[in-house]
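Two complexes follow with subunit A in common, the first pairing it with subunit B and the second with subunit C.
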Partner chain A sequence: MPVLIPRNVDELVEVFQEHPQAKLLAGGTDYMVEVNLHGRKPETMISLRQVKELTEWSVRPSQSRITIGAAVPYADMEHGEIARLVPALAQAARTVGSPQIRAAGTLGGNLGTCSPAGDSLPVLAALGAMIHVIGPDGNRDIDFVDFMVGVKKNSLKPSEFVHSVSLPIIEGWQGYAKVGTRNAMVISTASACLVRDIDEGIVTIALGSVGPTIIRARDAEAWLTKSTSLRAGADLNPAVAQEFGRRVALESRPIDDHRSTADYRRHAVGVLAQRLLTRSFS
Partner chain B sequence: MSSTVASTGTRHGTLGTSASRPDGVAKVQGGFAFSSDMWADNMLWGATLRSPHPYARITSIDVSGAYEIDGVSTVITAADVPGKLTYGLIMQDQPVFAAIGDTVRYSGEPVAAVAADHPETCQRALAAIKVIYEVLTPVTDPEDCISGVAEQIHPDGNIFRHQRIISGDTSIVGAIQVEGTYEIGMQDQAFLGLESALAVPDSGGHGLEMYVATQWLHEDRKQIADCLNMPEENIRLVLGGVGGAFGAREDISLQVHTALLAMKSGRPVRISYGREESFYGHVHRHPAKIWMKHHADTNGKIVKIEARMVFDGGAYCSTSPAVLVNGITHTQGPYKCENAIVDGWAVRTNNPPCGAMRGFGVVQACFAHESQMEKLAVAAGLSPVEIRLLNAMETGDRMITGQIMDSVAPVAQCIRETDAIPLPPPMSQDADLRTIPGGTGLTALPSNIKRGVGWGVSIKNLMYSEGFDDYSTARCRISEGVVTIKFATSEVGQGFTMLAQQIARTVLGVDDVFLDTIDTQVGSAGSTSASRQTWMSGGAVQAACRAALEQLFDHVATKNSMNRAELEIEGTDIVDRLTGQRVAVLAAIDGVDIDCTEEYHHPATEDMDENGQGNCHVAYAFVAHRAVVDVDLELGLVKVVQIATAQDVGRVLNPLSAMGQVEGGIAQGLGLAVMEEIIVKDGKVRNPSFTDYLLPTFLDAPTVEMVFIEEHEPKSPLGAKGIGEPPCISVTPAIANAIRQAVGRELPRVPIRPYDICL
Partner chain C sequence: MSINLPVSGAAQSHEMYSLRVNGQLHEVKDAWIGESLLYVLRERLGLPGAKGACEQGECGSCTVIVDSKAVCSCLVMAADAVETEILTVEGLGPDGALTDVQSAFLSEGGVQCGFCTPGFIVAVHHLLENNPHPTDDEIRESLSGNICRCTGYGRILEAVRTVADQRRKNS
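So, the complex of A and B:
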């Protein structure tokens, strides 16, 4: 089986166009499980490791945005500047697997797999991330909402790949929380990311593992904006937080499976919403 | 850790010291050859075709497609089994392969096997075998087997064993009565070193050499020989490196398949399971449903116990009858009580087969009786400690089986010493969030958490029961100035090889002890299970070394004109107590040739009668656990903060190793309490992987504070009791009781799931 190792983005575009059936490999923490456990047999692989651009991140202060390359590993997001600018992403990164997995796993891989349990995805949804993709027809930016279209389905076209993810740097509070039945190294049974923008006075919340895609609880968000001030210095009535949690839970669409029950997932995501909102005020 | 081990003044490497393990460095560095690392020239790979259905009749099997694939050497089905078509530890009811016309009885049952030049070729060959099944409705509810409404799914019937215990005055009615129905989920042993065997046929085709990761070489050999229709002496079994066992390697899994493929192809064959296949390839802990009713007087003293236990044995017998007897005979727990009515069932269903796992039936019984003790404490207005001390069993007590407790039984001391261990400090409001429930998921703040404390105390029988003479053999040779010990004891990671060296160093006064290959070229050692090898094989090694020492003394006395009757080992010298004359052992063994093989047999036991009466167990060990847990009441997430434990061990032979057993057992019991469960729906396993079968990680593990109670057991050859099983037994109800205290719910089932707590 040939393994192609492009050295830069131009080469990557070229080889992926020549081999549209090829499989991209970043950290391999999802795909190698497919190969070893589920009998997936790739004919050609394209390794992303040597494409330097994909492993870099940068901040554009003028636009208040941070851009993170698709092949930056989670380990680089847990601490340091990325963690300072996008703390919810750092928290999500910290919940992924074990140190070995975080040293290899990437945002590009999480987006490539697009599982509703992907831990970075609620963060991208809550922050309104733009996914920068490159393909045979050039570049395009896809809103995360339009990127993830179903359980393990994204809107990448043939020979298109994720180049980077661009996130706004928000003035305010943001946090990620994930429920699993083990205290580390666990697939989430319910998760949520809440972002409170104190300049704009809005809250966004996105839910993981409680529907076929990441769910933005937009009705609950809208209700919250009407019900209380979310700007700097405001106070939160606990009853509002509770009602917010209840409304968020209503917007989830969970299922029963061997990991948990729909009822528990709905309940848990409501508790997370309530707690995250409360934390954003403390 | 606080323990009372006297190691000062003892020569390093002897009994009582933390001697290092002969396999330790290799295992840490990655150089140790596990059975899945074995290799032979010209070797073929084997693989097994399994039924996807829990219950189905096989109408036809067509293997021709497999032979058309390049690289496929051999395909075998039931038609290729030359000897006995079935195997099993107690009843031989499990087919080597399900045959045409017969039924498969569990999802994952072997139907055929192939040998080919590459694992990938094997997978293609398996896909090319055409099996036509007539799918039947599986029997999955044990109660349907007991009531008789279920279809009989095996010629031997759907009941493996029904045994009752009727003891003492059954008409007594207690002033206080508490009852409950408890459920225990199906736990997996989840050893890390997956099943693997390599079979090498003799060139003449009459015999076979096999390297296999197992718990009992001689028993495997017997069953393999029967199925191969080959004399046992034509088969040599060598222990392949074993990465954990916990009961899952007692039964035959791939042994017969590997041997058959090797004999038929005439080439070495190795089969190695992956994790998913491992979940189908070995037996699990019995899921059980237990009803118990305790009668006590107004003070809380137990006067009678009523119980009904139902163990789901799955499709084949394995050790179900013995697991059941362990369950019912431990109904009373470590408490005084002579009056009881117990009804126990082990039944056959189309669920995955269940058999031995660390704790062997006692885990289930203990979860029920310790849940009951908590209710009894409340009803009697006593604390969990008071109720247990009030009822604590002592040596000399008559148990519900009529057997007199003749082991050292420091139950009250276990409870008191555990109680004396300081509780952990309360959770600080700025605790590292990773250490509170929810862990790295950051789901909670300390203010969301409630703490609970719970107790569990247990009794566990040691060795095999009901008249079984599970003896052990060891050989000690002194030759060319070297001491070599040989035994067939499976080293599964527990450290017996280390212990054997410690015993030989202590008895013989040498520092270097060589270990011969662990294989069937010496008598049986029995199984590495039932907390028995330290006692049994330790007893055999000690006996062989002592026999060799007697001969050495004869030789030394004659050669050096010393007083034969006055000789003893002091450190590494032989000393004449009368004259003070000394000879270094190293000098003494130079030039001698001594070879002693000894067997150790434990005191005999007997079968129980129809009322469950009889001296059926050899000896007992006790332990107390106190659990401190933090619970997120709203999300139902749990963190076990601390386990305090005092264990009755007889004598600590290796402090480090003892600590390892205690910590490991606690992690396993914690797993059963809050996360480990094979989820079976309609006879099918839903989570056969470590993605979804969750084992505790380091962030789930509690701090363990342990005390060893060292009251030497006079019946035991080394004064020590088996310590492998007790740590994992009462820790599960201790954690459950702690969660119950925090939550205020009955929580009658383990594992306790988040939604049991908060919905």
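So, the complex of A and C:
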């Protein structure tokens, strides 16, 4: 049971094809908890630590897109150019665990685990991220909504891995908010990301920890577009924001569990939606 | 010990590997693949400075530096830490002498039971290396992954301010 350490993407493709049962190890912040506390026996591991290409990110200004490698740690998204171009992602990154966790944890890890509480996932959903994956049959791009298919389930095929995530650079406002029992070091009770594209005059909102997958509140989005102008310079009636929050809450599908109750989560996510929409006009 | 055949082109490490800790190369023999870096440091390499408590990255008492990043050693698979530079609390001061951060923790009363202290010391060294003049908010943020149940944090914050001031005066 070795740890296999490929040096580049080509080697990674090859190694993963020869060991389809292997587990990919990036930051280890999810996987090692299972080993330490939940009796998981590590299978063959493929380490991503040395695959430099996965730790890189780039901007294509002509296409107004940013591409972030699967093994870029959250710490690199908190400040600097990524934070300037995708501020909601930076806000989400800042809520992940602690500095120690953010130094290790990666976007690809969030996608691999695909927990509804994954902090970055509502941002990917609200922005309409494309997940670039590589496998034995070559490359393909998967829309985030088709990537996450259930609680801790994604649509990766055997020996496919997440290479990078491509996000649009939006003209307008974007923000992320999260409710938990404390500020640092907390798994979300409810979370939301709202993106207001002032050129297109549309708002998208995606909800975390209130359903089996990240939920786009499409009915509330459509209602909002009909009810008020979302373009640059428009004003927001507080009653519209409140009704938006109520409608977003209706589209959530939370459960009771050890972390919170369905009722509280539904309420909280509505408040987050109202608050984010209001912020997008301030 | 089972060792799979090498996969073409890909280097591999397995149940026998080497880790570079505090500048020294250590051989790790007959290890289980699931062992965390924390476990290997403490139980195999005789470096008990990093402390094990939550084993899930919540308490920060196992904080070490891997390739210039402060991480929880309980969440690093030790066999995956080959070819990295690992720095533990034991390696901060020369020949076991106290560092300025450790002295300030003592003089400012930032140590009570002491269990969390090594993790805090490593985190503070990392903070001041990257940000020599942190604001109080930056200190709090950078230490938010280290939990202390004794001090209430006030004296720890004071120790960090003391070191930052001392270093500023001495520079």
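Rule of thumb we're sticking to: the second predicted complex is superposed on the first by the 282 of 282 C-alpha atoms of A that agree within 3 Å, B and C clash if a C-alpha of one lies under 4 Å from a C-alpha of the other, contacts with A are read in each partner's own complex, and residues count from 1 in each chain.
The definition used in the following text is that a residue touches a chain if its C-beta (ideal position, glycine included) is under 8 Å from a C-beta of that chain, and two chains touch if they have at least 3 such contacts.
A quick note: this is a predicted structure, and the numbers were derived from the prediction, not measured.
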item: Which superposed partner A:Lys178 touches (first subunit B, second subunit C, both, neither); value: first
item: Which of subunit B and subunit C A:Leu37 touches, first, second, both or neither; value: both
item: First (subunit B), second (subunit C), both or neither touched by A:Ala239; value: neither
item: Touched partner set for A:Glu11, first subunit B, second subunit C, both or neither; value: second
item: Residues of subunit A touched, compared between subunit B and subunit C (which is higher); value: C
item: Which superposed partner A:Ser260 touches (first subunit B, second subunit C, both, neither); value: first
item: Touching partner for A:Val271 - first (subunit B), second (subunit C), both, neither; value: first
item: Subunit B and subunit C contact sites that coincide on subunit A, given as residue numbers; value: 37, 183-185
item: Residues of subunit B touching subunit A in the complex; value: 123, 274, 276, 434, 437-445, 448, 634-637, 639, 674-675, 679, 681, 686-687, 689, 691-692, 694, 696-700, 753-755, 758-759
item: Subunit C residues within the subunit A interface of the complex; value: 2-4, 7-15, 33-34, 36, 55-58, 60, 63, 69-72, 74-77, 79-80, 82-84, 123, 141-142, 144-146
item: Parts of subunit A lying in touch with subunit B, wherever the complex brings them together; value: 37, 39, 91, 94-95, 175-189, 191, 258-261, 263-264, 267-268, 271-272, 275, 279
item: Residues of subunit A touching subunit C in the complex; value: 1-7, 10-11, 14-15, 18-19, 25, 27-29, 31-33, 35-37, 40-42, 44-45, 47, 49-50, 73, 75, 97-101, 103-104, 183-185
